[in-house]
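Structure, as structure tokens:
Note that the chains take the letters A, B and C in the order they are written out, and that residue 1 is the start of every chain.
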Amino acid sequence: MDHTHRAYCQNVSPGGYIIICTRREEDWVPLTDEWDRPSCWRTNCFKMGINTVMIMAVLLGVSLTPSLTTQAGLSEKVLVFPYETDFSFVALIPQKEMGLRAFTLCMRVATELPEERQIILFAYRTADYDELNVWREKDGRVSFYLSGDGVFFHLPPLSTFRSSLCLTWESRTGLTAFWVEGKRSTYQVYKPGHSIRPKGTILLGQDPDKHLGGLEATQSFVGEMTDVNMWDFVLSRSMIQAWHYGHKVPKGNIFDWGTIEYELSGNVLVVDDD
Amino acid sequence: MDHTHRAYCQNVSPGGYIIICTRREEDWVPLTDEWDRPSCWRTNCFKMGINTVMIMAVLLGVSLTPSLTTQAGLSEKVLVFPYETDFSFVALIPQKEMGLRAFTLCMRVATELPEERQIILFAYRTADYDELNVWREKDGRVSFYLSGDGVFFHLPPLSTFRSSLCLTWESRTGLTAFWVEGKRSTYQVYKPGHSIRPKGTILLGQDPDKHLGGLEATQSFVGEMTDVNMWDFVLSRSMIQAWHYGHKVPKGNIFDWGTIEYELSGNVLVVDDD
Amino acid sequence: MDHTHRAYCQNVSPGGYIIICTRREEDWVPLTDEWDRPSCWRTNCFKMGINTVMIMAVLLGVSLTPSLTTQAGLSEKVLVFPYETDFSFVALIPQKEMGLRAFTLCMRVATELPEERQIILFAYRTADYDELNVWREKDGRVSFYLSGDGVFFHLPPLSTFRSSLCLTWESRTGLTAFWVEGKRSTYQVYKPGHSIRPKGTILLGQDPDKHLGGLEATQSFVGEMTDVNMWDFVLSRSMIQAWHYGHKVPKGNIFDWGTIEYELSGNVLVVDDD
């Protein structure tokens, strides 16, 4: 595993904050030109094997799109992250800036990953800060971080079956809660007065590292995600329950799954939600 | 942590049985005048920083009321105890004296505290006795004490989601049961013939220590409580189930959440029940 | 246990790939003519004690049929594998060849076997390959093998109560999922492009060993199986849920429990489904 190897890099951030260099097992050939992370880093040295990917996509019969192509709308679709990688992710492009003083983030998520495995569920990062991260921690708790120390919740474990998970936070009071299958956790008071900074990059599947955007396979998401929606206000209990049961609710004004703009990278499948 | 520090004390008991001295992390300054517990104890040396608290309340945008101000009515409200402290509590003022030979006590409660943590759920104390305490014990059992040895029940664990919990006891037979989500535990026979003494103080959030009323952070309640009601008789199964489902039942004649008189102390938030 | 003993062998495979030699505890007498596996193997040396079995069947009041008699239709019937053996199984004869590029396999299954015990749930074998095996593994996971390394799922544990279990796989995408009580597990991508080979033998209750078809008691199924159905396509979510709830669905075109052709061997009881 200490072969030198080619790297495929791309700028995944509108503001240029995060440039990702991917490598794939099949690309690991003993080359003489070593992967030069630093030089690759601040230049958009993207040279992904688009043809290879498209041939694979045809073989798989699923929509596997080369990176950097922005697509829109995932209604009735599920994102499948089939393997543990340090290069597969989906970048989400918000409808409005992420400068937020309140939000509701909802998703449906299923994973086969073992209980003691750390899992990134949502990552929003600006140049200098992990602005808004949601994790399943090693000890099984679900955590929420706003640029600094996080807050931890004991929730029913994520499993191979789909869980509906929402997170609400409001700066004014700091009241923070997770909602599992429409049921609210105990409130915790977290960072009252804080503002989330705009102009960052949102990733599903990977956590961009503080140091030059490096991704770690052991933190990656493996499993299925669907119905990721985000609002810039706190939804009421009845709204969150309506969303859980698939009833009509106000469309997410930051993300709306039906019209969401996204970029796929690496091995992520978009499959029909049966 | 062995700094000398200012102490803010108050008489929280109508009969003067319990005087609480609170201290807050931010007040811990190396002063030369040491906190003189005994002298402070039997005099109401209350000098709480009311302005500071009110400024905080404004910042938080929630009703955080300075101590000793009795308020009434918590309909549609939840008490949030956000942190582990030895100074945050809610004193409840009963509508009638607590000299009881039977009762039903109901509440809805949620907590993120770890399983092996002792938690005070309800404390009623007179001058010399812990008259009526309800605990979640270190071993996860829920216990009930009437001035002396307690009785222990294996109930479904308290969790981040709200549990509805009732306790019924009748002196004549000693029949004692907890009711979780409207389902009765096995009866145990506990202290038949006993009478609960009147004129004590009722606290949520803290257990007043036998020795001069000191509070222990490691026993404090952290989480949410709502819908605390108490009757001086044993409610029927159908009544308890009706209460569980939020249907109309006879109003608690000791406490009725809609009209309950209470005094907040320390960091306790009163938030809307979404 | 190293007595020499008589062996009862039979060809259970239409193509003659698998010949099973059974032995029963009560047959283990110290004979001088040793069990000659190889010579027995390729000849159908079946000489089962039919009378004994039939007397047993009468005593038990259940239909216990001697091997090699093909029967059809198990509507409202349950297969009971009462003991751990290396000789009890049910061979299933498919309505069409098992050369498959997609399938749905469903069954209802209950077992008292301990959690750490490996259990074969379905075995389809051709001459050289374990074409399609479903296992409950020692670590509790449920696994699916297509001639080679398998794929593993964390499902709710099998128990003394009947679980409804389906498995779907499609060659085109490799998308693979188990369905428990009608709920789909997380998809995994497994062997896209693979084809299952036809003309093998399907067994319930035992896993035919790669080496000359030997069976291992410690892998055998003990418990109940019913409603085993198989289709050569992937059923939709709504179909699988309908099947789970016992509603009408398209009949399995590989196996349909109501008309299924099967051969019982060893101690397998066919009892009415109460």
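Here, a residue touches a chain if its C-beta (ideal position, glycine included) is under 8 Å from a C-beta of that chain, and two chains touch if they have at least 3 such contacts.
The structure presented is a predicted model; accordingly, all values stated were derived computationally and were not measured.
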| field | Minimum number of chain-to-chain contact steps, chain B to chain C | value | 2
| Measuring between mean CA coordinates, which chain is farthest from chain B? | C
| query | Copies chain A and chain B touch; is their interface built from the same residue numbers (over half shared) or different ones? | reply | different
| query | What is the size of the turn, to the nearest 5°, that moves the C-alpha atoms of chain A onto the matching ones in chain C? | reply | 90
| note | For the pair chain B and chain C, the C-alpha centroid-to-centroid distance in angstrom is 59
| field | Centroid spacing, where centroids are CA-atom means, of chain A and chain B in whole angstrom | value | 42
| Residues within chain B bordering two or more other chains | none
| Residues of chain C that touch chain A when the two form their complex | 152-155, 172-175, 178, 180, 183-189, 192-193, 236-237
| message | Show me the residue ranges of chain B that touch chain A in the complex, using the header's touch definition. | response | 59-62, 78, 80, 82-83, 110-112, 114, 159-162, 223-224, 269, 271, 274
